[in-house]
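Dumping the structure here so I can ask a few things about it.
Letters are used for the chains, namely A, B, C and D, taken in the order the chains are written, and counting of residues starts over at 1 for each.
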Amino acid sequence: MEQAWLIPVFGFGAFAFLALFRKYLPGQGKHLSVLAIIAAFVAVWPVLFDMLDKGVGEHHFPRDWFSAGPLEVGWGIIVDPLTIVMLALITFVSVIVQVYSLGYMRHGNADDPRVGWYFAVHSLFSASMLMLVLADNLLLLYVAWELVGLCSYLLIGFWFERRSAAEAAKKAFVTTRIGDVGLLIGVVLLIVEFGTVDVIEIMNSLGDPGVNQAVVTASAFLVFFGAMGKSAQFPLHVWLPDAMEGPTPVSALIHAATMVTAGVFLVARLFPLFDAVESAQLAIAAIGIVTALMGAAMALVMTDLKRILAYSTMSHLGFMMLALGAGGYTAAIFHLLMHGVAKAMLFLSAGSIMHAAHDETDIRKMGGLRKRMPVTSAAFTVGALALAGIPPLNAFWSKDEILLAVAGGLNPVFVVLFLVAIVLSALYMGRAVLVVFFGKLKPENDGVHESPRIMAWPLALLAVLAVVTGFIALPIGYEGIGTFLVAPGDKPHAFEVVPVWLVASVVLALGGLALAYALYGDEDTSRVDALRERFARAHDVVANRFYMDHAYQWTIDRVVLRVSAFLALFDRKVVNDVGVNGPGLSAVEAGRRLRYHVTGLFADYGLGIVVGVAILGALLWIRSVTG
Amino acid sequence: MSFAERHILEWLIYLPMLTAVVLVALPAAWRLAARWVGVGSGALLMIGSAWVFIAFDYSAGADTFQMIKVYTWLESVGIDFRLGVDGIAAPMVLLTGIVALTGSVIAANVDRDAKNYYILLFVLIAGVYGTFVSIDLFFFFFFYELAIVPMFLLIAVWGSSSTFADFARTKEYGALKLVLMIVAASVLVWIGIIAIYVWVDIGTFDILRLRDAVQDGGLSSGAQKTLFPLVMVGFGLLAGLWPFHTWSPDGHVAAPTSVSMLHAGVLMKLGAFGIIRVGMTLLPEGMEAWALVLFILGTVNVVYGAVSAMAQTDLKYVVGYSSVSHMGYVIMGIATLNSIGLTGATLQMFSHGIMTALFFAVVGAIYERAHTRDTLILNGLASKMGWTTAFFVIAGLTSLGLPGLSGFIAEVLVFIGAFHEQPILGALGILGAALTAVYILRLVARVFFGQRDPQWDDLPDLTPREIAAAGALVVPLVLVGIWPAPFLDVIRHGVDALPGVDALVGGLL
Amino acid sequence: MTLLHFQLLSAAIFCIGLYGVLARRSAVLVLMSIELMLNAVNLQLVAFGAFSGFGTSTGQVIAVFVITIAAAEVGLALAIVMRLFRSRGGVNMDEIDVMRG
Amino acid sequence: MGLVLFYAAATLTLFASFGVVATRNIVHAALFLLAALAGVAGLFVLLYAEFLALVQLLIYGGAIIIVILFALMLTRSGEYEGETETRRRPFAAVAAALLFGLMTAVFVADAEQFNTNTRQAVPFRTLAEDLFAAWAVPFEIASLVLLVALIGAVVIGRAGREEDETLPEDDEPDDAQEPVRRGSRRRAERRRRGV
């Protein structure tokens, strides 16, 4: 247990080593990074077993990180079910993705010129994600949180020659940074209020009498604002679709399984904080469902395969936030795991399609690929069905858990909206599968061939897992996931099936798929076009991402740049020219003006003297009289 | 006190002066020799400063001012050449050492009569060292002035003018404005010092005895409250306080690379250091009365600097305004009057000093190669200038407070301290950090990433010498970022000894 | 006859002389006015000497010195006026403004 | 009896002073000055300062007026009919009146302090003794002053004869915005006279 802190160290070590010496290593040291992540993965299991029998533990290091004034900032790790589950997910997906990238990064038979840097940042990312999960104090958590943001910036902008990649990277970092401002304010408020940075201590002393509840509420909302930034929730989601500019394995790792879930993890880690504040929970649920619906709608309309998957991630993140809002801690984390595995696999298969079809992502140009790429299409279909919520695949169980939690926790409106979302997600998943893999093989895709084994095997492994992992929810060997993944302070609840919701979700999912088949089953798109005309305006709104991007761009151009231009002008003109040069110039001007009265004529001076004498005399005399 | 401890501080002042004298003796033609002498003494200074920092005993018992060295200079008036260093001055001495070394290395590529350049540079360095280590008000002010005088010549002769669409900033204008405004401000400070000397009336300029005298009522609170604005504005101007900051962007832009490194890196810290050394130590009640005003101005500095940096098109102007913004954090930290805020402020002074030096080094290198700093035409440099991009990005990330680099630790401490006093202003400060991220990343995306403009195809990357200098600057940034404990303990030792600082003994509440 | 008479008289003469100095254009006339002012001062001195009641001669001695100085001054001034006249062709006070700012 | 004499001498002096200041013809002004000096000498006699009256008449009347007349003759300003007063006459008058008013106010206000006693003669012997005993040093210095002044006068006067060097013409005003100076009309006039 105490050695758990070793897990992130492998990654940091690999990063440091690669960053400095990658030019002198064979293959730019990419194998080293893969080895490091495998080591980390291996290290997770002993910690898991250790925790199972010894129970939850928190371990502090003797040396403080730093201390300023009365604030003692130590550092240490927390090992509890949430951490273990996340550790497993992150290390597992990272291993799969890094192995997959070995193949992906080889265009033809030569590596990408900067593959060393790619793997270096990859290991830095997984290391900081692991640190985030393990961190026991708010500052360490915030440090990891920012490092994760940095890595996503570096990886999205990996091919920085491309203007769009550079812009997307900047957009991602700035948007998440805005979210981080909220998080930082929330964290600082908590630290100032509770006088300590230790998460466990703060969570336990939330209810203490002396605590000012206004601060707790404010920090709850602010921390959630930070989570929204990172997990691409409704107002701050604009960066996720553009993040697809980065290499596909990056999307698979970061924008599907790990980074985006950091927001959900944060809310889970500080769950008692949100539990204490009713209004915050409602807000989370509301934002969650809105994001879910928006994501699903946009995914339905997009033509770029990776964008569809990105919106589907956004939608599923919405589901997780909804579950957390409803108090369904177990359901949210369980869905996080299931979604992580399935979505990673979807992205990787998308990657292998792109790899095979010269980086083509437009689904309209694809069709009938299943003949050429059996493994990829099989994996993709399994993943899609899983996320659509088809039993016995993994995401079905977690969606069902969420349904139970929402039904229990929130008012009926959320339940109805959630059911609609289920149908929509089934619909767009079905559309994606049908359009890409079924139908006639287009002539230009003839040359398409299955990806090399190093990419195909990870896909197959993930596909199998997508099927198997669902069963950990069932009460085999222990009373179900509910007993393992429990919110601090909550009572474990065993697995129970509520038939009515179970049947409802299955029926809706199948209905969604049927609808998809009806619309996109065969080649002719007449029905789809007819639909599109009827709801033309609605279609445009959704296609343009609800004009969110334009709105943000407009505010930035009009408001922010305009204000800063005005301020710079104000600074130069008013503060500088008037404030500083003003006195200088006016002194010179006064000098010049005074010059004229010096006429050089004796008489004028005489007059001056006389008047002076007269005045002085009068003054002296008055003083002597009154004095 | 060992032999070294007794003499190190005075040698930190004599060495640069000595170098200047030696350089004067060198014939002008020997440019290479001048460079070696410069870099050599830079290295010696660095070693000396590092030694001062390491030898500083920050254990609880140790007295506030250490390595004290006294020469009685003017008995009748009570002025003596008294040197000493406390918890706040030690990191500043280290900062000066680092920036002096890297500055002199970067200064090597000044070709136009490098000898005089080095002479003036080292007079500047001597002045800065003198101010940080002298604990006698008179000599504090003496070196404070000494540090400013060479600035004028350095900028006016070796500087660079920049013309924009609707206004031009010649280097003479920049130099003149910079020096005139600072000298004007130092007049205010001088009035304050003389007033303190006269009103406390114990016939000495020694800060320690003055502080003790003020502690037991030597100076009426009314007097302190009237004197403090003088000191606040006087030193604040050099620290880039909001209404008086306009000299800083113009001055930096006009200055040659190593001068702006030294200036933004170290000289601006003199201002903040002055507020602590004179303002807080000798006028505690004045500080308390004016703390809120300083706090508000500091926050304005942060947001105002960040927003106006966003609109700048000249690379150096962006860095200039970002210095104004970051000095805002320092001022906010000082104004919080609690030990966390002050520790954060001092660390921010240290970290910002190094970060700005790195920024200016990189920007200077780009200017020397591309002969323009206009961000509208410079783009896509990353592919050709790998190292430059890396260093700029590292400096940028420190400035936006990325954890793992020193900027974050300093800013978090300032925010925690600030939230303890004024939560709303603290939140505004954090908003400033977000704005910093916006303009830094916009700059990086436009100038370094993206498609390279064909005209920049032949831009050579940094020379090994410049890489070494920039690397030497990155090391402390990362070190403080990852393991700030040694720095913070030293600073805390100094901060707790300041009068009028509420040490939040009863925890943060 | 009291001291006041003499005081008022010398004040009058002094002011007339003053007016002459300020208003006259020709340098020589200005010189004459200055002589007038000096005489007014002498008168005042002697008057005070007489009415002071101490019987001392200080007033008169100073008057004598004033006269000698006046004599020296006239000599010198007229020499300057001569030079002025030769170089500028006129001694009109308004033209002599070489010292103009 | 004394009062009548006083008023006579006073009116003479005042009238003569006005004459000096007011006449258009310069030679008349010199004569008026002579009359004024005589008036003052008379007043000295009234104050029992006979020696001084004599000195006044001799030196002032004799030497200074004569020298002034010579100057007038040499500078040929005699036939200079132009307007003798400067444009600023009113200001001068006001200033002089102002000063006069002030003086009279002061003298009248302090009158009772000084008018305690009457005139006293100073015996000639004491005057002579003071002059050559107590005031010996200033006396010598006064003679030195006279000497220096005369030498100066000679040097300035003589140097003028060899060459007719002119004073440096003041150059054209450098900055154009300077308002038109009063003198430009006069310079044109002088240029007309061909100097």
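In this text, a residue touches a chain if its C-beta (ideal position, glycine included) is under 8 Å from a C-beta of that chain, and two chains touch if they have at least 3 such contacts.
Since we're looking at a predicted model, the values are computed, not measured.
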So which has more C-beta pairs touching, C-D or A-B? C-D
Using Cα averages as centroids, what's the distance between chain A and chain B in whole Å? 37
Take the average of all CA coordinates in chain C, do the same for chain D, and state the distance between these two points in whole angstrom. 4
How many angstrom lie between the CA centroids of chain A and chain C, rounded to a whole number? 99
Return the distance between the CA-based centres of chain B and chain D, expressed in whole Å. 71
Which residues of chain C are in contact with two or more other chains? 18, 22-23, 93-94, 97-98, 100
Where does chain A touch two or more other chains at once, residue-wise? 596, 599, 603, 607, 610
Could you check chain D for residues that touch two or more other chains and list them? 86, 88, 91-92, 95-96, 99, 182
Which chain pairs touch, all of them: A-B, A-C, A-D, C-D
Listed in rising order, chain B residues that touch chain A in their complex are 167, 177, 180-181, 243, 245-247, 250, 304, 307-312, 338-340, 343-344, 380, 382-383, 397, 400, 402-404, 408-409, 412-413, 415-417, 419-420, 423, 426-427, 430-431, 433-434, 437-438, 441-442, 444-445, 448-452, 483-485, 488-489, 491-492, 495, 503-509
Mind pulling up the chain A residues that touch chain C in the complex? 595-603, 606-607, 610
Chain A partner, complex, touching residues on chain D are 86, 88, 91-92, 95-96, 98-99, 102, 105-106, 109, 175, 178-179, 182
Touching residues (chain side chain D, partner chain C) in the complex: 2-3, 6, 10, 13-14, 17-18, 20-21, 26, 29-30, 33, 36-37, 40, 43-44, 46-49, 51-52, 55-56, 59-60, 63-64, 67-68, 70-72, 74-75, 77, 80, 82-86, 88-89, 91-93, 95-97, 99-100, 103-104, 107-108, 111, 114-122, 126-127, 130-131, 135, 138-139, 142-143, 145-146, 148-150, 152-154, 156-157, 159-160, 164-168, 170, 181-183, 186, 190, 193, 195
Can you tell me which positions in chain A touch chain D when the two form their complex? 592, 596, 599, 603-604, 607, 610-611, 613-614, 617-618, 621, 625
